[in-house]
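Labels run A, B, C and D following the written order; every chain starts at residue 1.
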């Protein structure tokens, strides 16, 4: 049984706590949150110790690994201290909003970053993972065009946008990682943005819709379409098109019920409302992969380098948006 | 070019006239309807001669074949006279509502009935025909269970029910023929009926919903579900289940548009409203098969015997409904 | 926390053990199985006590309720002793294969049977339950025709057939209960059976495919189609048709992936393989409903009477099969 | 009855001839093709006069309108002469490959170009047209993102690529027009291309895959994905996403048959193979719209200006591809 410490007991921290509890190979030993009430609530639900500072967890040699689910600006500090104390780390994305700080962290830690797994949970969604695996078997031949559609149900408050790093670094970073998951390294990024939804987001200097096109190093193309608002739920689709055919991952519904009436036929219910509904199995599978990496001492995937690469692409998208130019990645 | 005479210019006669006009191998030479206006309207639309009695058509040696689309009680007389004059006949179903009269006709005509094709148009629906053909190739192995759902959009006037022979002989006869198309000869018929829709139909002594189960001579099972009313259109589905899998023919929509909104997702439009929308391609293909039979002098299929067999099953269903017994077919 | 005793640690018992473990409102206190190894394995996995006789569980006053998941012939004895000791009971279907024994049990227990919930898990399948709830809201108006298709992936060994009571009492009993869930009490049952799959099943005197039609007391119709073998998995579908439209519960797939290639397009993966995959959420929801009944001391649903009623229908189907008659339910 | 002259009897000319023949409001009076055999074949099939020069048709005052279906370099000359002789014109796209020539034509003809309808047949596809009409009714609120996927079944011979103007002006021009149909005038064009399919096309200096993003004058975004090869047929899809939901036009299949077997379930047949299968109803509806414009003397839509605008976008896409810049439309 791997003993896990949870750093951060907010919404995403609670998701991870449930994944730990559901695992037969790990247990939640201790949790940290500066808000005592938050820490205590999660600790009680899962029989773990509660702390309002991270030190007791980082210093506890019986704890094998930590999950970093605290606010983004604290990620680098916490993951650095954890790996330096010999712990494995599952770190929520992004590593940091500032690439320079990410690079400084990489310089400092060197090979220690091999102990860090990045929380790109969608790689573990059963449908996306199945498409990826089937592409790898050659079922569609050479993958040539990747189409990703990713829309949130509702725009976040403008305050969130200001601290989250904006659409590219906060929301699209998942899709940029998904593109890398399928296409490998990216050579060129081109972005268009729009402000059609939220005047507050526009006032905060961000876009609320975007289309980004990518070319991989080996010449394959991808499009990512994002919207901060979607009337029918959490729109999460992907299509891999290749020489021999296409594999789509369609949206998912809570039931298989279809209604036919005078106005419309075969109507499915609304799709899953948001990431907690859609990606629960993905978070579980992500944590299991993390435990396997802990058990085997192999480098987890996606790793620190994948977190950095996605941030590079998000920044390139921002630059393309500002300049109207296709950005070539170093 | 085969020269065709049309006997009966009502709704179904007009469907056949359009099929003749669309064919490159046939032309509409003359039409008959006791209502001069009806005859003239169809004749003018397609450049044919109009008659208010059938004799000029039956006597015209330049006419190769006739389509019998007149009221059911006239079918036997017209088809008899036509085949005796050496013409091919495409006769709308049913041959007659009275099996004794059908058998008398068979006695009188003998092998001349080999010139008669029965208008079981659904055998020529591209989807049903494709399922049938793929079953024949062995794609699902031995066909074991056949499920037919067939619902009309709205109940006919009670007056129609009285003259049409009732649900089994008027509506389900198509599905009974479809069952024979897939399963061959039927050994047993069991029927349940209901009166949930139209008090007028109940008053006329007929059911407005029914479920019939069949066992074929070689032991395979089928269910037919009928309703005289369907809120979402003309519900016409079939599923052939066998050892290796299943082939379904789903309902068909006028477009491939799907709508996703806050209440429902992937909603298709209403299906085709009724048989003129759904089965236009079937009527065309049926007529082409008839022309091929004329050209090759081969016995058309479905033939007189298929028309008789479907009527036998419809009568057995009625008997089962009255007696609460499974009826064994002679 | 309700303390639960599990009587029977075979395949279905293990399913129930997992549901108890997943509940936040109950805990698995003790398990019984005559095979010590089976009892110990389940007990260890969930931290419960293991017994090779049921007495220690039935006698333990700290245990609130038991789940009867032992072989069918033991159901009545165990549920009788449990309710007489004041415990709630969740009993796997069927209560017994012999209606006379069921009636004797009812005579003996009287109102004590109100403490028994029957394990008709499909009522709790999220899709079937959603259709049922939407029918209740009037979304399709009066429900008129119910179509149930239910096929197992592979025939059981002939030995199982002999002890299980045959297709109607073993397999279709679930569908007969589903029909009652939608239509209420049933007035008439008509059955057809076939032997197209397994000579061993035929030799054991049972059918391996069947079609049953039902008429409810208020005149509505249902068809149930069963097969002991289905090449594409565990075929579990239902369609409720009414005045204003239809609600279907379609089959369910492990992912939302669709493949398009040169031979076929939009191909979904195989559906769930069998009941453990398809009905895990149903078993969970069933157990939660049982706990709610325990907490509120309300009569659980489905109850003993539902278990008896389904058995009556299964026996009527058997009688109809033997006699070729529609059987009227008392 | 409008009398129609057909200029050009190649593949696309034959499609138009069939549309004229199917119309109840027009007749094919005469056809022209420099290859006598081609002209004669079409003329005979539809009872029209055959010519090997266009003059007899252009000079025939009884001919109301012409369809220009000849090679692209001849379009401007023929449409110019036709409108100057008072005839209506339905001109295949593109008007010309050279924008300067198109502008010279516009200068010369001025308002006479109001008699020209451009053959952007996809606007008349029942599914695309339905999506467009429903967007116009406000069903999805403000349209914000348009996703077009358009793939041909197989790459044309390299020789065709050389004379056709390349992927943007030959193939994507349809999709660029579709974007304008939904979004109105376009402000910015950004293109990425790839060469993953055909070395011959690469050698001819063209791309064989492309992704183009557009921003409309009012700030809405569109993506177009093209491929010269698609294993599963003629991939023609569109999704309009707006404030209140999304409307998709999915691919279309020749039948509604679905197959379920051990390897895959609910498999549809291949989609329509190419444009003759998919767009026959669109060509028919396009021609009917043309006849209506002739009858009412109203300006047909899409018109000469739409043909020019699509060419401008195709050229901008080419420029973006060469420069790696987003191109702003004048």
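Simple rule for what comes next: a residue touches a chain if its C-beta (ideal position, glycine included) is under 8 Å from a C-beta of that chain, and two chains touch if they have at least 3 such contacts.
Here the structure is a predicted model, which means the values were calculated and not measured.
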Comparison of B-C and A-B (more C-beta pairs in contact): B-C
Centroid comparison with chain D (C-alpha atoms), farthest chain: C
Chain B-chain C separation of Cα centroids, rounded to whole Å: 41
Chain A and chain B, separation of their C-alpha mean positions in angstrom: 58
Interface hub residues of chain B, defined as touching at least two other chains: 140, 231-232, 244-246, 251, 259-262, 266, 269
Interfacial residue positions of chain D with respect to chain C in the complex: 231-233, 251, 253, 259-271
Touching residues on chain D, where the partner in the complex is chain B: 126-127, 130-131, 134, 139-140, 244-252, 254-262, 269
Parts of chain D lying in touch with chain A, wherever the complex brings them together: 140-142, 144-145, 147, 149, 151, 188, 190, 192, 194-197, 209-211, 213, 215, 219-221, 223, 225, 227, 229-232, 235, 241, 243-246, 324-326
